[in-house]
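Several structures are given next for inspection.
Below, chain A partners chain B and then partners chain C, in two separate complexes.
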Partner chain A sequence: MKYIKCIIIIGVFILIFFFINHLLMPKYSETLREGSLTREYYKEDKNHEVIFLGDCEVYANFSPMVLYEKAGITSYVRGNSQQLINQSYYILKETLKYEIPKVVVFNVNSMRYGEDEKNEAYNRLLIDNMKWSKEKIDLINSSMTEGETFLSYVFPILRYHSRFSKLTSEDFKYFLKPKQNSFNGFLITKKIKPYTSLPPKKVLANYNFSDYSYEYLNKITELCQKNNIELILIKAPSLYPYWYNEYDNQIRQYALENNLDYYNLFEEKDVIGIDYQLDTYDGGLHLNLSGATKLSEYFAKILKDNYNLTDYRTDKKISSIYNEKLKEYNKLIKE
Partner chain B sequence: MKNISKLLLTIMIAILLTTGCGKKEKEENVKNTAYTFVYEDKEFILGDVFTEDKYGKAIDYSEVASCAFEGLDKTYTYEHFVVTTYPSGNTDKIMSIYFNDSEISTTEGIKIGDSINDLTTKYGNEYEEEDNLYTYTLGKTHIKFIHENDIITSIEYTYDA
Partner chain C sequence: MQILLLILSILIYLFFGKIGFIYLLFSCISSFILSKYLNGRHKKLALIMSITLTLILYLFFKFINFFDFKNIFVPLGISYYTLQIFSYLIDLYKGKIKREKNFFRYLLYVIYFPYIFIGPITKYQDIKEDFDHCKKFHKENFSLGIPRIVWGLFKKIVIANRMWIIINTITNNSYVGSYVLLACLLYSILLYCDFSGGIDIVLGISKIFGINLKENFNLPFKSESVKEFWNRWHISLGTWLRDYIYIPLGGNRCSKIRQKINVILTFLVSGFWHGTTYIFWGLLNGILVAFSSKLKTKYKILNQIITYVLISLLWVFFIYQNSFIKPFTMLISIFTTFNYLDLFKNIPNLGLDILNYIVLIISILTLFYYDYHKDKINQKFKTSKIEFKTFAICLLVIIILIFGVYGFGFEVKDFIYSKF
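For the complex of A and B:
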């Protein structure tokens, strides 16, 4: 009897602990929507022929709904805010546990950052809602900044205890069921903030990508080769941060040496028809819905013409899933 | 049994309390322990609150949002240099000053186009060198000189926010 009581008490405390733990974690539903991107992938049917990989330059700029509507391509964006190249590698590894796409499209912007760009706040957006796996453990270990502890990812209460006094209605409203924010990993932003001016293009001491960046780019390349996946490198058409010619030359060289296709979409901005007075929500860093639609239409054609992808618009099962999503998507963009 | 309950409760409260200490910003008097930049009798202090009223009207202004978080890094362009600020509470503080041309000098008298020999004569040999970057540090401030073939091509003041 004594032991049963003891077990019940411990059980109740564990329940309370996990309840508080979950309550204190940000819900990433109405504020900091970017934090919802990792968790939303798990709910999806894993039938994508194309996976986009990278930072904000993918989740803001490529709409899988447009890719499907225009070319019948099934795709998902596995991008997060400031997703560094080591993180992209582990996210890709995790993705391949669920599905093997025909094509992985990797945005190379993160090559510019070495190990020094690790940032706790961005780590949280990416990792907080990731399912536990070997990839998550490796991702945490390779992402943590000096002041962080692994334990704080196991027990987020260690990180978020101070939110106790800052809880809002969002924390209760989405306690059980968080809000769905993206369409296959694409975050819609309709706001327009035209380009006016940008910070100066600074002279850099060293334009060479770090060994660290190359190490993870090699890992991504090898992982794709091992799984017979076509890896495509892209640079999204953002005005800032500047993509120096020296950066571009190194990627071209890498692509050549590794027999990969590379598209610098910034160079194609006029052909795509991007107008930085209308098609960006933050003065040229990210595209808004209008810009993302133009870019996705353009890229859908590249994928369709060159990569032997299936047109799923005639597939009964998949088209019914996508048509349902499209209905919701079109409703939202017209609001 | 009561003891177990008390113990568990104590552990939970301890976790909440011991990890509950937030970082308190220390206001430091940066002026005496930092590099500063003087332009037209105005002394730009890195880490100091920036307003155009205080430092003069810029000829251009731009802002850069972060990927997900609120707050903007703001850039104020003056005739010969650019000031970048970072958000701090309700204010913006000076994060960096970047020289646009060779028309201005650092407070110690170095400008773009000077040689590395001029630099070490004025600033001494206590610098960190990485590739073609020389960094001098004073407190939380740095002056970074980039050179090409021993001629300075870039000067920037930065601050560890």
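For the complex of A and C:
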């Protein structure tokens, strides 16, 4: 009997442990909204024909709501802050477990970063709320920086225990139900911070993408081919960090060799109508709502005209879901 | 069980020490072979040879450290196992113990994993019987060993690592004057928690295997003189120095001046054992111990405060351990830079926020309460129901997990005494 009591006591403490573990984790609801992106995908109906992959240049710049409104395209942005190319690969792999889209749009900005750009804080934003799967394990192993431990991803308390003195009302308010921040992975930012100046363009010692970057780009390409998915490479229209001609040429060459479409949308900025005095929230690095709307309208046309996608605006079931979201979306952008 | 302990010890040493194992093995083999001759006709020669062989290796690595060849590797635990080998050889030479005929049992005595990295420095005769008798696990040993380990972790992770943040802020920002004084005063508690926490873990692990190691601390801050302090702090090293340095030098069976010289010489050896930059620390402690009776007052509490402050001031050699000069300049700054008001205003900026200070203060109070009522609390715990024991251990684990200072973003210090 006394051993049963002991087991009960240990059980209660395990429950307390998980309670505290959850309490101490950042809630990514009002602050660090980007951390909510991974989590929000799981709540979605998985019926998207287009999946966007990449870093902040996708989740800030492409609005699936506009793609639907303008062309009836169902899409989701699986973007994260500083999503590195190895991470894009594992995120794609995970996505394919839930759904097989017709088109995957990959923002090639991360090609410039090799293995050395791994960063613990960005890892956390991406991985903390990811569901456990083989892909998550592989992603953690390929993302960890020096000093990080796998165990701290299994038990986040090992990473976040020091937050006990920094807990805010957000941690309690969103303890059970975290806030929904994105619309199909798109994070709305309405703020305007016009472009004024940028750091001078540096001459680099080496413009070649690393073998590491190519290894994962090849993996993404192969995965798409294996699943009959059209892979589109894009470069979002950000003024900074500079996308050098040497980078662009390498991607064009890669696209040519692998029979892929590549759109450098920065070159199309005037056609799209992006005004960096009005359409950016951080001086040209990312687009704000106005810029994202223009870009998404433009890109919706490219997708509609060139890739055999379904117009779901006439589909009763799907249109009701999207119309509901659009109502919320329009309400929010008018606020 | 002994085979299990030996395999575990070798594996753990190889995991941390790798090629250091070769040096350890050399010292063990050479001392084991020569120990055969320690009760024969040429026993003096055998003793000199066996000690010299081990000592050469030890001094080699200590001098490498002195010349600051940072990339040269030092075998792990060399300071501890060298003293253990010496004590075995000398005791055998003096006929206090019987020679261990089984090399593997001798190797286990030297490499036994709980104490090889941090001590306590254990004499062969103090552990031999426990090695002989530990044949299987007993649940009573578990219920005593586990709480001791968890308590040690609490001292290290919750208190010592938290205090490191303050000390690091002071040293990294090159603060002087009152800040150095604060660092020294805190370092006493930090080192106590770090070292005795490590020893708690060692003793707890040993207990689980049924091996009872001797205590290494006995309420050191209760000391009324520096001499008493060194009888209560790092007891195993103090005992070793007394038995193998101080007494052979003549101990207290000689003139008063000679006695004082013997004390100072013994502390110089202690300083050298810690490292070449600790020689002045040893010397000053030796002087304080030799003249400790002169510093005593009629008042117990005043004596305790004086002892605490004197001992703390000398930790400056530990805080600024990589230099011969800096500890002195920092000590002098305490008496020449009067920035106490500045320190008072700056306390919130020493790396801890208010909640962390509260955690630290409560933890230290808990620690001292436990230390001063240890026998009573331990007795109660021993006789308490297993449900209560389980509850207490789980609670302490949760407290360590939440309030501990560890993991990514923290410069977690290894146990200080594992570096000597």
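Rule of thumb we're sticking to: the second predicted complex is superposed on the first by the 335 of 335 C-alpha atoms of A that agree within 3 Å, B and C clash if a C-alpha of one lies under 4 Å from a C-alpha of the other, contacts with A are read in each partner's own complex, and residues count from 1 in each chain.
The rule is short, and it goes like this: contacts are C-beta pairs under 8 Å (C-beta built on N, C-alpha and C of every residue); 3 or more make two chains touch, one makes a residue touch a chain.
Keep in mind that this is a model prediction, so the values were computed, not measured.
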{"item": "Partner chain in contact with A:251 - chain B first, chain C second, else both or neither", "value": "neither"}
{"item": "Partner chain(s) touched by A:17 [first = chain B, second = chain C, both, neither]", "value": "both"}
{"item": "Touched partner set for A:9, first chain B, second chain C, both or neither", "value": "both"}
{"item": "Which superposed partner A:65 touches (first chain B, second chain C, both, neither)", "value": "neither"}
{"item": "Which superposed partner A:120 touches (first chain B, second chain C, both, neither)", "value": "second"}
{"item": "Partner with the higher number of touched chain A residues, chain C or chain B", "value": "B"}
{"item": "Which of chain B and chain C A:303 touches, first, second, both or neither", "value": "neither"}
{"item": "First (chain B), second (chain C), both or neither touched by A:148", "value": "second"}
{"item": "Chain B versus chain C as contact partner of A:165, first or second or both or neither", "value": "second"}
{"item": "Those residues of chain A which chain B touches in one complex and chain C touches in the other", "value": "2, 5-6, 9-10, 13, 16-17, 20, 157-158, 161-162, 164"}
{"item": "Residues of chain A defined as touching chain B within the complex", "value": "2, 5-6, 9-10, 13, 16-17, 20, 32, 34-35, 55-56, 81-82, 121-122, 125, 157-158, 161-162, 164, 196-200, 202-206, 240, 282-283, 285"}
{"item": "Residues of chain A defined as touching chain C within the complex", "value": "2-3, 5-6, 9-10, 13, 16-17, 20, 24, 120, 147-149, 152, 157-159, 161-162, 164-165"}
{"item": "Complex contact set, residues of chain B against chain A", "value": "1, 4-5, 8-9, 12, 15-16, 19-20, 22, 60-69, 73, 75, 77, 82, 84, 98, 100, 130-133, 144, 146, 153-154, 156"}
{"item": "In the complex, chain C residues that touch chain A", "value": "353-356, 359, 385-387, 390-391, 394-395, 397-398, 401-410"}
